[in-house]
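Take a look at these structures.
First chain A sits with chain B, and in the next complex the same chain sits with chain C.
Now for the complex of A and B:
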């Protein structure tokens, strides 16, 4: 089990770096992080030694960058026929799903880790709360995991990467918007609080923002953990039931 | 080693495989023949556990495939149609991955990879990304992956498709080499492959099994089986044709060639008749100037056409 996950993980990681995917993704991720932090987020105008401007845009950054990463995960295997090779090897679908997911997650973690100069910068400009920043990084990693699990599952539905991208971005948007003030205002006018809270509780935003305040609440960890488990389980079910086609 | 019973696969409205049964034992090489779209690949995908059958069952080494697919997959080496691989990998890293999944590690893993690279002659390209390889090398990478664990069961979907004649020869030699202690199924639409490689032939068309027999029996289905081609060093085949036509067991005589210096005739036997000796005797008695006498073993292409077109007309009736 673990051994097979490791084999798949290594193959996937190798795949990222054997192609331009890794470099393009890393450069664009860092570039957009910069744009969001300094232009959209008005990092300097806020005159605060924190990384709020940086982290608050992560849901939107991931919304289209993560589907770009996950769209190929299974759709490409279907397209090239390598899925046939994969599933005629003595390997369980769950091992392949976890190996691929973990590789994508580690890769995203690497992209996130490469933003460390920002941390150094705020540290040199003032006295930031390092706990909050660390928690935000962890929260961002969970957020990325959620997007990745969704994207991986939806990629298994099709052999067309464009469709996989659009599906993942749409579902991802749903998970963001269900916590957005705009949507919640729309419901809070007439719906019972319980309904509004339930909608909000499904949202990436609600849980992510809670963590970026510096408190890693067990409830938020469970939320992201079960979200990932659910979508990865669905991913295995899709592969099991659709098989070759 | 492989036993399939009443295997059926339906894709929406198409019955790609329709109630097929056969067995393949150790030491046998089953040639799976059929026109495009006959259902060869679909059958192989079910045997290798990639697709699940709509009906029927598959037994691998005495155990139902469905009961323990992983155990079956460990025993099987499979070359899918078109030899898919991950294009960004090199043959060496690809085989390393396969060896890892197949459960080899350390020195044994390295030994297997080296031996396989050697065996299918991948040495010169071992560090080159698979996407940059020629079709012949890609196919060898696929073969390498299938035989790396020295499987008891080897399933190959069109292993020589798209290779040049030398490469085809090499792959056939490789298959013959491994045949003794394995159960092998290979699909092909190149009929000439059957004679040198296969110990049995299964013909499939429109999802149905039309024949499962020895290559010799298959050849005998040809109209030309045991036909005698007679070349005479004299023109004017008329009287000769007449004399041959009266011979017992002869179904007909065709003139294949005719010029001032000689003629070539083909004498077709009635089904099941052997006429070569009688033709020879007649030629001697009559004092014909025989320049050549040749007995046809039958043409595979012909046998194949006879078999598959017959079923077509029946299917449409």
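Now for the complex of A and C:
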């Protein structure tokens, strides 16, 4: 099983860098991170040696960038027909799903790692809490994993990449907004605290913000882990039921 | 069909499992966490754990919370989550000794009525008239209860300490009693009813902090007996105390009770600019016990010098180092003593020097240092700190001599400073035997601490008041109060609160030090230029006067001589030039900051995309060439 996952992983990673897509994605990700940090997050105006301005916009950054990355995962395979070829190999859908997901996750991790000059910059300006920054990077990686799992599953539903993008962005938005004030306000007026808490507890925002404070709670890890597991399982089920259609 | 239905069912089951696992994880796994913050901000200290596991009776905590605040109104969602998490952690650690109830208070609900009835304070929601609640009530058996009317975000750094103190107060309602013998108005001043009398003064923040934990009993500074039921005696600025009062202090300590004495060679809090009139140095006691606070000397340390804004007629407002005002960091505190081990910053202001002193029959006492200067400490005559003193001169006159002790525990046994027994006072005027009831020697485990400074208690040196959501909030930025509270806790045998108190970070803000330094350097350049300008003004005035004096008496009319006119013109040109230079300094600073920001923006935003772009293009070009080469070879 591991051998097959590794094979798919290599094929995917090679695929990213065979075309300019990887470079374009990385450049856009890094450039937009900078825009959000310096212009939207008012990094210099806050005068605080932390990377709050950088990380606080990650959910919104991923909302559009990750679906752009995942839209081709399965939709492209379907469109070009390579999915049939893939499944003629002695390969189970779960192995293909995991291989593709891990490759995409590693690629996102690379993008995230390339933001290290921001960490150096903030360390040169003051005395940041490095533990908080490390936790925030870990949280951001979990968040990206969540978006990727959703995007991967929804990409398997269609052969049209645009539809895959829109679906992934919409579902991702739902997972962000369930912890946002405007949605919770809607419930908080009449629903008991337990219900409001439960709705908020299924939000990317709630768990991501909790980790970016510098504390990695097992409940947060379980949330992201189970979320990824569920969507990847759904991905396998979709592939099983639709095959190469 | 059946297959796809089965798969749909499978997905539903998986979704249900996802929900159940997360709901369970949220309610069960409330303590399993990895705290990566530098100071372990989210980890309960051992002291708090000991207090929670040792609670004698169950305590009910009622947290009133407006759903709008939890949802992010007023930007409070993270703070609300932090408080809720911490309270859950408290309840988990205390097991069934602490019952946490979270009561929702939406507008016009029963919860709102309950909150009002419990004594909570509501704040108005931004942009609406809705009341928002976020307060905590701790209820013990019977009538024991404590209320935090509103949990302000600015208190978050001291959240654990405040919660632990609250719980301890409910668990152990009998506060320890501290006798306060002070010539400084720590507990405030009531307005005089007489015309022209003293105005009302609020209590110092230190007194408010003490009263949270202790019952403070203010004693007359002429007291001849200290009530024996007190748990500790705190003596502040003992200026010109009568012998009978000093004797009472000594006998209280010799009876085995803890005593903390804060004396000061120059107490600026007294408000007297002449140092010689602002001294408190109970020499009778100290010398009699075998040590001294060196008379008329204060300690200084160039490395620990506090950075202050100094106003001078000649140079205007300047940022300077004041070597007799010291910001003392960890290296200045005893790491063996529980009271000082976890301190990170204490500011002492013109503190005195403690040292052993043998005299006659009295052997030198053993001082166990708690706070010291650095190895390059030095001393000043208090006259050097008078009204005409300037930090520049203090730095110039500084002579390093070694490590000096600023606060110390005094080891017992000590002989009495009153070998003949109680001095004559109002209470024993007619007593035949003055040695009756007199304790001639302290126990070996004497609990006596002397700090050679009182000014550190003043609000301006450790706390600032800010307004948060319309509430005035005291936010400490130095550990001065923690020093005193730690000493009191340790001496009264209550070390458990020292841990949670050390969780309080003095100043959670992490400013851009680089920009601050740039601004300070620019300010120095600005001051230099301004000084130059003043100097030129003085010189021109002198030259002008000289020219005026040199004129023949008959010619001393109102009209100016050509030389005077030239002098004025030169001066005018000078002013214009220096003003231009001043503007240039300011422009330069703005430019420097802007340049640095631009560079950093490039580093953070542009460098990696540029490298990737160039790298990608080069790699792409290489691949194209390679493919062309391969194609050409194949064609051949």
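Note that the second predicted complex is superposed on the first by the 245 of 245 C-alpha atoms of A that agree within 3 Å, B and C clash if a C-alpha of one lies under 4 Å from a C-alpha of the other, contacts with A are read in each partner's own complex, and residues count from 1 in each chain.
We adopt the following convention: a residue touches a chain if its C-beta (ideal position, glycine included) is under 8 Å from a C-beta of that chain, and two chains touch if they have at least 3 such contacts.
Everything quoted here is computed from the prediction, not taken from an experiment.
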item: Contacts of A:42 with chain B and chain C, given as first, second, both or neither; value: neither
item: Which of chain B and chain C A:170 touches, first, second, both or neither; value: neither
item: Which of chain B and chain C A:92 touches, first, second, both or neither; value: first
item: Partner chain in contact with A:11 - chain B first, chain C second, else both or neither; value: first
item: First, second, both or neither for A:237, with chain B first and chain C second; value: second
item: Comparison of chain B and chain C by chain A residues contacted; value: C
item: Which of chain B and chain C A:213 touches, first, second, both or neither; value: second
item: Chain B versus chain C as contact partner of A:84, first or second or both or neither; value: first
item: Shared chain A contacts, counted only where both chain B and chain C touch the same residue; value: none
item: Sites on chain A touched by chain C in the complex; value: 20, 23, 26-27, 30-31, 33-35, 37-38, 44, 47-50, 114-115, 117-118, 120-121, 124-132, 134-135, 180-181, 184-185, 188-190, 192-193, 196-198, 200-202, 206, 209-210, 213-219, 222-223, 226-227, 229-230, 233-234, 237, 240-241
item: For the chain A and chain B complex, residues of the former touching the latter; value: 3-4, 7, 10-11, 14-15, 18-19, 80-82, 84-85, 87-92, 243-245
item: Partner chain A, residues of chain C touching it in the complex; value: 3-4, 7, 10-11, 14-15, 17-19, 21-23, 25-26, 29-30, 32-38, 41-42, 65, 67-68, 70-73, 77-78, 81-82, 102, 104, 106, 509-515, 597, 600-601, 603-609, 612-613, 615-616, 620
item: Complex contacts: residues of chain B adjacent to chain A; value: 11, 45, 48-52, 70-71, 73-74, 76, 78, 80-82, 84-89, 93, 97-98, 100-103, 129, 145
